[in-house]
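Contents: one structure, followed by commentary.
Read from first to last, the chains carry the letters A, B, C, D and E; within each, the first residue is number 1.
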Amino acid sequence: MEIFLQQLVNGLTIGSIYALVALGYTMVYGVLKLINFAHGDLVALSAYIGLVILMQLAGVLSPALLILITFISTMVITAIGGIVLERAAYRPLRRAPRLSAVVSALGASMVIENGIMLIWGPMPKIYPASVVPNINFDLHGVYISLMQILVLVISLVLMVALYLFVNRTKLGTAMRACAIDQDAARLMGIDVDKVIVTTFVIGSALGAVGGLFIGMYYRGITFNMGWIYGLNAFVAAIIGGIGNIPGAMLGGMLLGIFNAFISGYISSSWSMALTYVLLIIIMIFRPTGILGERVAEKV
Amino acid sequence: MKRWSLVGLLAVVVALLFTVSVFAADVIKIGVQAPITGKFASEGQSIDKAVRLVVEQVNKKGGLLGKKIVVITCDDEGKAVKAAICARKLVNDGVIAVIGSYTSTCTEAAEPIYYRAGVLQTSDGTSDTLVKHGYWTFFRNSSPNSSEAKFTAEFFLKKQHYKRIAAISDYSTFSVNLTTAVVKDLKKMGGNVVYTGKIVSGSQNFTPILTKIKSYHPDVIYFGGYYTDGGLIRAQMVQLGMKADFVGGDSNDNPEFIKLAGKAAVGAYLIDVPLPEMLPYPAAKKFLKAYRAKYHENPASIWTLFNVDGLRVILYAIQKTKSLDTKKIAHYLHYELKNFPGITGPISFAPNGERIGSAYMAYIIGPDLKYHIVYREK
Amino acid sequence: MMNTKNALYYGIFFLVLTVLPFFLTSNWISVMTTFLIYSVVSLSQDIVLGRAGMFDMGHAIFFGLGAYSTAILNMVYGWPIVATIPVAIILPIIASILLAAPIIHLRGDYLLVTTIGFNIVFTQALKNNVFGITGGPNGIFGVEPLKIFSITFASQKSIYFLALFILLLTLAIIHNLETSKPGRALHYLNLDSLASECIGINTRFYRLYAFALSAAIAGLAGVVFTLQFSAVSPGAFNFIQSVLFFTIVLVGGPSSIPGVLLGTFFMFVVPEMFRQFAEARYLVFGVAMILIMIWRPKGIWPVKFGRIPNYITKE
Amino acid sequence: MALLELDNVTKIFGGLVAVDSLSISIEKGMIYGIIGPNGAGKTTVFNCITGVYKPEKGKIIFKGKDITGLSPHKIANMGITRTFQTIRLFGEMSVAENIMSGRHSKSRQKWWHGIIHTPFYYKDEKENWLKVREYMELFGLTHLARMTAGSQPYGIQRKIEMARALATEPELLILDEPAAGLNDKERLELLETIRKIRGMGITILLIEHNMDLVMNITEYISVLNFGKKIAEGKPEEIQNNPVVIEAYLGKEDEDEF
Amino acid sequence: MSSDKLLVVEDLFVSYGSIEAVKGISFSVNRGELVTILGANGAGKTTTMRTISGLIKAKSGSIRYKNIELTSMPAHKIVALGISQAPEGRRVFGTLTVEENLFLGAYTKEKLNKKVLSWIYELFPRLKERKNQLAGTLSGGEQQMLAIGRALMSEPELLLLDEPSLGLAPVLVKTIFDTIKQIKEEGTTILLVEQNAKAALKLADRGYVLEVGKIVMEGTSKELISSPKIQEAYLGKKKAG
């Protein structure tokens, strides 16, 4: 039982990071129908930016303030990165064939990844060990650290906030409208370009939180880690039903838990392959993901 | 028609690029085949820097046999396909010897090409398969997996008396070979291996596999992969409240391991030949000083130094034989060179190109976050 | 139905490729051989992606299956290379049909993700040394050279010409495809699947046909790949490679033979030329990919339709 | 025996009955019209006949064979071809290639002809291209053969689509609003073309809003409203049918709106 | 009828790629008027509407609203100027609720005008009953009501209605046209595109007939209704009896 619960905790931790990153994929896909392959690399970039800020301010600020400032400034800078990405690589291709934008996204991914390598070098960079006090709770043989609790709580809060934003605010409603029908949204007086930029801003900022968690929890960051996290998060978004925000959250969590249980109960050598087998099975039986594209129904 | 003229222009440019060949001069060319970009870029770049430093020193003293040495570097990106291309390029550039590559996979992919061209190759690759082909051109400058495996098994059973052993590797050639060899030797010596598994290098989240291992109640986890993963595995073991020891194979021997594991590094064991700064030999100290002076950093790892030794024996053999005939040089290295004072210890080669003798040691990381020797080969 | 002007251009193209190795250094011959092999794979990828319009991002599977079939049959079972060739073609065909059949109805992006999934499962299986014959993460080294009668293809030049021959063969097949009922059917179902069905095209059959044909060609390319490197390893067929083939087609121009060849040149040979800028080249390269797509959204050399015989417009 | 028979065909979309127990019968060689307000389910009927949708209930019989639920390409190969309300050409391809697509089912090339060209291939290919030439001449498209279909004006696109449909040599041709977007002159041409096609012995089923055309050309009409057939008969009967006037044509002396 | 021109379209050309959909049309709408554009499918009516709203860029020509040039203005600014459209095919946001759809209609307004909302609920009591239902679950007629209601939420001076009767049962068509009449009477200027010529001309002050991208006839509704050509081509089906 402890093993089961421990695996659940393991899975939820990585799952919330996947979910945060997956949200960026799913939101952009929602409005642009574009797989933003550069999103994972943006997340990697945010981890580096976060580290720089952390090192600059370490010792100057109190720990709580340090973490707060690091989070906020990293989110802001990464969001700007998202805006630049949209402007430079995607907006010029808005009317081009869809696959051209995919190539552009792959190109952007290469630019960011190699840019990180040129600036910070190919060696892994390492987050300081005690940004968050290294406290570990032992709940009857199930171990959970303060950092893990932070990851879970902050992710959950952000996801709820995003859900409320998208469902309860004017801009959020506009965002959903753009995802359904951009021309009709224009007829409502919605500035679709602005909504798209907002989408990139939110997606990148959430990704930045994911990147910081990777740095603070797993500590080692590498210039090419964007691919693995990006791919997993993207798969999470697909599993949940791409374009669907609760779907991305569910997909991320499920992927994390599933990964943990495969490694734990079946075979670690095959965990990656089995994860994708699951994806393929879901695709065969539910071609638009678990939650799918929301069908019209009475509420 | 317009597009064809574009292509024509392109063709001309290509043709020009192809025809520009390296003009011959009276120099000795040494190749470096290393991962300058990609996952192992830091190691590759360090090897390249070190080779250039040694060559610079030799050239300053007037070169070799009265000739200047020129270094030609080729980036194999740590990929087998590129390694083969690199090998052909270096052969074509007329190098007499090649240092590299860093990974066993790339070394192995390039080996037959150097062999057919009669170009000497020296690599730190530890995979046992590297010397299996019996190519006379190949010289290993580090110790092979097999001797590390044997040492590890002895350390586990004779010194630590582990009763339940878990072993994990990643998917790299090197790691799989080393870990398999360790497990084999352990079993041969009667050790009880309760779990073996693999991790995906770089995936960062190892808690699921560790949680699973925990249920086997091992008293030690052996990890035969790289420090980037090893440091995290160690940290996550501690976070999961695991009491088992951690023993890392040679590739965990990197200062970054301690940084990654943080406080959890304390008490971890590593098995390797000595660290650069722990090398007792004066040549080593001298070299490290020069390296730091020139590049303001430490070499990426001990592997850089092995390669430097590979280069140094080849240069030494050229001087001794007063010849650029690789057959003669190889013969000298195989049969005449005895206990050359390398910076990683005395160097001699077996007829299959294997470096004779090993200097493996087991270290523990103490509360001072420094290495302390706990066991060495008798 | 190739007109004389096109025939002339292709003639020049092959003439250049034929004399090229006599002017190149051996490492450049090696680069060009790989270029030829990748061209063949990209052209086969184009059958699925460009012509039939299916977002297949797992094409390296079929390439790898061909390469591994040859390597395993030669090294583990001691077959001569010639005998392995039919297997290296048929096995990818079977695999492509088995893999594609359940997912062929998926919408573009979902198909893309599923094929990535297949590719990842494939490489992990290779790394895990399934059935103990794939050589694990190491791969298989030391594959024998091809012997046909008394000719041995061992030198780099001979492998180059072998690869050139395979490219020629592939171009002939694709030319035949383009000017035939099945080839046109692929374009029709790509441009409008429903309209195609309604004029009697069995779209499901032709989608599978595209997969099978392209898998066969990729498998054949895999054989030459094995001969070129006398080795196979999982890394050469991972999904990053699939992304490369995918990108080549789109950068060059889907369904366009000169486009795909140019794409391969741009995506594979050009980075080789700029080897001296090792560290920065992929950054510049990424920027170039974005700019090309903005400049030419349909690829460097987009396809031009209208391959129709002259006699139908003459009175 | 009727060429095509619909027997109580019902199609439901998420609870909404789009076609409600529809039975019609089309004799060989006739021009049959279906009219009704937009959204009455006319196009859905076409989609059921051509296999795009599978009806929930009922049977569709073509030449005595039950074709209900067969896939579209099978139905097309049996001799039913259609055009679409919103033109669906292969826009990026040339006019000739578009018409050639109609020859797909008649060409006897096998799958291996996509790889190897045999003497049979050359013979078959030539036969079919010559057919394409015939249909281009029939519709006056020869001079446009190499042009991109998608860049042609509306009227021409309609012709290409019809030529493509005819190239399949169907027994039953289904036209979904063929006159939409055509000007007077083009409409007259269309009238001529439809008569010519009928002259070739092809049965025609069409949906049309232009009453002029419908009344002029069809021999029998069914009127649909809310998926139900509310009337059927000869054009003159339909014009005077009070139910039809109420639901579709509109009352003459209605003044409220 | 006031004579000051609210919307003036002059020599407008619009094309999709190389296909010209609108070939040099000119027309105007006066303040307080209901003007209708008639024509068959594919005549260019919807293209004209989309161009006015800024969804498509005109190739040449001008569209002036209160003397402001619209041709190079993005769609959302045009809405803010006071032109809103209920597009062809209704285009309601199916996975949003009825009320969310209505709120989006007032997107350009700083604050939601409760009075407008209750006016719309008065016009369409069915919408009020179903305000929390997803728009995609409404029937065709209700969706059309929603589309019109949504367009009215921005309190437009000029309302563009593109085929409001499309696909509706006759009884619903009547309801919709009654409502349009009501909206007009409350002072909103309306440009109405319709295939249902008879119904449209009954409501309209003036009309234009569009055929294959060109205006072939224009005049007051009375003139058009009595024109033999119109009777034959658009009302003929009725007269045939």
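Definition applied: contacts are C-beta pairs under 8 Å (C-beta built on N, C-alpha and C of every residue); 3 or more make two chains touch, one makes a residue touch a chain.
This is a predicted model, so every value here is computed, not measured.
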item: Interchain contact steps from subunit C to subunit D (minimum; 1 if touching); value: 1
item: Chains in simultaneous contact with subunit D and subunit E; value: none
item: A-E compared against A-B, more contacting pairs; value: A-B
item: Chain whose mean Cα position lies farthest from subunit E; value: B
item: Remotest chain, subunit D as reference, centres from CA atoms; value: B
item: Centroid distance [mean C-alpha coordinates] between subunit E and subunit A, Å; value: 43
item: Between subunit A and subunit B, centroid-to-centroid distance (C-alpha), Å; value: 36
item: Centre-of-Cα separation between subunit C and subunit A, whole angstrom; value: 33
item: Centroid distance [mean C-alpha coordinates] between subunit D and subunit A, Å; value: 49
item: Junction residues of subunit C, two or more chains touched; value: 128, 279, 282
item: Junction residues of subunit B, two or more chains touched; value: 37, 198
item: Pairwise chain contacts under the document criterion; value: A-B, A-C, A-E, B-C, C-D, D-E
item: Touching residues on subunit A, where the partner in the complex is subunit B; value: 3, 6-7, 10-11, 13-14, 117, 121-124, 126, 129-130, 134, 136, 138, 141, 143, 145, 214, 218-220, 222, 224-225, 228, 259-265, 267-269, 271-272
item: Subunit C residues within the subunit D interface of the complex; value: 173, 176-177, 179-185, 187-188, 191-192, 194-203, 209, 213, 305-309, 311-313
item: Of subunit D, residues touching subunit E in the complex; value: 16, 37-39, 150-155, 177, 179-184, 186, 209-212, 215, 225-226, 239-240, 245-252, 255-257
item: For the subunit C and subunit B complex, residues of the former touching the latter; value: 9, 16, 23-31, 34, 127-128, 136-139, 141-142, 156, 228-231, 233, 235-236, 258, 262, 269, 272-273, 275, 278-279, 282, 301
item: Footprint of subunit C on subunit B - complex, ascending; value: 3-4, 7, 11, 14-15, 17-19, 21, 36-37, 74-75, 79-81, 84-86, 88-93, 105, 108-109, 112, 127, 129, 133, 171-173, 176-177, 198
